[in-house]
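For clarity, chains are labelled A, B and C in written order, and residue numbers in each chain start from 1.
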Amino acid sequence: MSETMADAGADTQPLIKVENLRKLFPVSKSIFREAHDFVHAVDGIDFEIAPGESLGLVGESGCGKSTTGRMLTKLTDATSGQILLADEGELIDIASIQRSHMRRFRRRVQMIFQDPFESLNPRRTVYDTVAESLTVQRIGSVQQREERVAELLHRVGLTPPEQFLFRYPHELSGGQRQRVAIARALVIDPTFVVADEPTSMLDVSIRISIMDLMLKLAEEFNVSYLYITHDLAVARYMCDRIAVMYLGKIVEIAPTEELLSNPQHPYTRALLSAVPVPDPAHKRERIDIKGGISKALNPPPVCRFIERCPRATDHCRTSDHPEFTDLGDGHFVACYNL
Amino acid sequence: MAQTLHIESRGGRVGTPLLEVQNLVMHYGTKEGEVSAVDNVSFTLNNGEAIGLVGESGCGKTSVALTLLRLLPDNSVIKGGDIKLDGESLIDLDEEQMRRRRWRDISMVFQGAMNSWNPVYRIGDQIREALRLHWPETLTYQEETDRIGALFELVGLNPVTMERYPHEFSGGMRQRAVIAMALSCNPKVIIADEPTTALDVIVQDQILRELKKIQQELGMSIIYISHDIAVIAEVTERMGVMYAGKLVELGSTLEVFHRPRHPYSYLLLSSTPSITGPRRKLAPLEGEPPNLLNPPTGCRFHPRCPFAIDKCSSEEPGLVEVGEGHSVACWNWQEVPEIGGLQK
Amino acid sequence: MADILTPPTERLDGFDPSAVLEEPLWRIRLRLSWRSFRKNWALFSDNKMGIVGILIIALFGIMALAHPVLMATVWQDHLEGGKNVYDIRAGADSIIVTKTIVEEVTDPVTQISQIEAMFLGTGVSIPEIGDTIEAPLANPAPPVLSGVDHPHILGTDPFGGDVFSQLLFGARAAFLLGAIAALSSVALATLVGTIAAYFGGVIDTLLMRLADLVILIPLLPLLIVVSGFWNVELTMLGILIGVLGGLGGTAIILKSQALSVKVKPFIDAARIAGGGHWRIITRHIIPNVLPLSFLYMMFAVTGAIFTEAALSFLGLLNIQQSWGIMINIAHTQGYTLEGLDVWWLMLPAGLSITLFSAGFFLVGRAMDEVVNPRLRKR
């Protein structure tokens, strides 16, 4: 079914369309008191993901990238805004989804987690873990589920599957666990997978094989990824486009190579200049920004980056957080001083 | 008086050997058997030099550091080899003599050290404690305060902040304070084990630059330990690559990065994504690191090595010189291509 | 959704998923449980403490099983005055006769000492010599290890009941009480703790305030009051101890464990798979809390036995026979102060209470090391 949708026009109809998505976490709330202070974890973001495309969401810790991923998988409810998911020609709004549509949504959207040691239930076998969504949603007979799980294990490279089906997580290495997690996400044939730093806990030598596997499977299963990472080099390897987040806002979004070669937002530039390069001969141009990340607690309505920005002007201090400027070729940047 | 303000490396003339590690062997005794965590590791750290040890988790790089400081857990045994600091062997020192040298001669920035501050004491007082324990003479309170202030300035912290508690510091500031503490007694050597691993890129970059500046200005000798070859590329002059408890390649950082001779170094470099250079398919490193309870015979890398020959599974290669100051432990190093050579 | 179950075979490069599993799933699961049991047993049996505990519990298990078997076989025909001498009730309602209070007892069938009479009497006044008093026919008889006509190997109680028989029967009562109390307490604690942790918010607040309340109520005085209103029997006592223990401290401990499980990413993963609250609680949280629950079950047994002993000693329970009752009878019949002279009245029962509790406690401690790997020695 996803094939037909991709044919229907990858350029015209996005798979995921996020509009003005916000998540505010109340601070010091109790049943007796209304909260007055909010952490603006995600503060009005917009983006689209085409069928089969991978979007990288890059930013430092606390920028709201993981919260975005959790809203897209409905682990966290959005405070406001829309998340539209294209499914069989219809657009479902994830943010305000009906209970009756929940099952259908869970078949379309899956997630791969960061820590393979914590994302598998230690008391359940590989089979139980991978078959979970089939079992819960009562898809197929026991025999069919077994076969589907075996097929998935084969496809994620846990071969021969019979050797892995009934192992417990503690009997697997980190890389093998992450393969199980990938199999679990894909077993139900989703169209969209949120991958939250799936390789950051793995050893360097395992990392590439997992990333390659994810790229291969993206093609085979025709899934789109929202790839959340703090590592721009990894995002470059995995993603077609990259969105850079800072304090709950997307400050720049562009096709991968365009973003790396032609960064426009001062934060993107600083971030890029700070990434260590595995080449001792490489001399990079440093762009210093002041201080550390500001707090997302009740931020003023001006540009979120203003305190650290080397090119902030009076205009920035008196205006709202800038809207996206379209630089062409899908390159958008939220800054007044380009 | 002024001497207490002076932050320096107490090592010798720049370029002369300071720390010599010779054929170090260290095992951990476990229920299942002996784990050979460090096997026959030799390297030299010169005065004023920054060297790096790189490898995956469990390759023995942290064990090397702990062995140098003799901060090993009870179930470990140093089986052989020698560690010489300024020509004096550290291996035969008893615990008390070693304790006196530990912070004063060799200090360490531990992995995750920024989370090891005691939350109920002020940062400055915790450094003061280190000074009282390890500074050769007794200092007055004012002298201590002055020195801590000087240390704070050196690592890019405002001296006023020494009165603050750890929770009032950001992660980056705490890590800077850890570095200040490591420098507090003018050590000869600093061992920095994953000094920036838990930090965000921008902060990591600031701290690495700070460390590099300090190292160059003071002529400090630093051993960096990291799993991240990009970090090693940034800050070191020479580097060693470790795999499964063994040092498999040793050479200048430039050499190793541009012309790695060991298949493992080669694959490690080829499998590291970068934001620079052409976007290329990376060569995956197949398989998983071996279990050190029962390491493979011959070369420990041979089961994963695409260049392995028959000899590799039976005979263990020693380090051989392949260029100036560049040695590699591989039987088939001539076959290792230039970076990118394996790509389709 | 059948389409996802019939994959395009060309992607599988000749791999046939239907050929992977030949064995039925239940048999594999059975084998897995057996394997994990053996592994945990290996860890458990590493600890000598646990083995000692198991041996103690096994000993009492044999005792509990032995009672009905002995009654039906060896002890069957020991009749005396129409009653089986080994019947735990035979002594309790044994013949009451009128005895004369004398200074020096020469005939225990018709005479009684002043001190004994004082304990038998209801008032505080010292009975006069020469008065008569209703008293049981027999005095406690000391243990006799041989002899057919007086075959009480641990002697008799003041009513002539066989102490050994009572001791065996008491083990049965202890197991019954312990099991009821432990199961109800831990079942309740697991459920309450998990639900409070999982749902949080108002449910959590309510359940936890309830737990605070239960902790504040002193168990023993409450049970004393309850026994004044109702006829508290063994099963009811077990359930009462279970409910009060389960709603209190254990629930809070198991809640904190459930909380640490709830925040694990595998719970998020289960939600993404589409699992409802009930499935997540029963399949994902409870299995990870259960080892700790088992642990607290062991400690709950210990608590229940102590509580029962205390209440029985005070004579507040309507229980046929238990170790506590044995001590209670010795006490109410005035033998508390005679100490070692009548050791068989209290020592066997007291030791049994202590050992039985210690057995479960030791098993609990050894299980603790299986459940919390941090406690294990390298």
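Definition applied: a contact is a pair of C-beta atoms (placed from the backbone, for glycine too) under 8 Å apart; a residue touches a chain by one contact, two chains touch by 3 or more.
Quantities reported herein were computed from a predicted structural model and do not represent experimental measurements.
A simple rule picks the central chain: find each chain's mean C-alpha point, then take the one closest to the mean of all protein C-alpha atoms, which gives A. Distances between chain centres, each the mean of the C-alpha atoms, put C farthest from chain A. Centre-to-centre, using mean CA coordinates, chain A is 53 Å away from chain C. Centre-to-centre separation between chain B and chain C, using Cα means, comes to 58 Å. Between chain A and chain B, the centres computed from C-alpha atoms are 34 Å apart.
Multi-chain contact residues, meaning those touching two or more other chains, do not occur anywhere in chain C. Those residues of chain A that touch chain C in the shared complex are 1, 31, 70, 73, 75, 102-103, 106-107, 109-111, 113-115, 118-125, 129, 132-133, 136-137, 139-140, 142, 144-148, 150-151, 154-155, 159-162, 165-166, 168, 181, 184, 187-189, 220.
Remark: chain B residues 56-57, 170, 172, 200-206, 208-209, 227-231, 233-234, 236, 253-254, 257-258, 267-269, 271-277, 279, 282-286, 288-289 touch chain A in the complex.
Only residues 1-5, 7, 11-12, 15, 17-18, 20-21, 25, 28, 32, 36, 201-202, 205, 264-266, 268-276, 279, 283-284, 287-288 of chain C touch chain A when the two sit together in their complex. Interface residues of chain A facing chain B in the complex, by the touch rule stated above, are 60-61, 173, 175, 203-209, 211-212, 230-234, 236-237, 256-257, 260, 270-282, 286, 289, 292-293.
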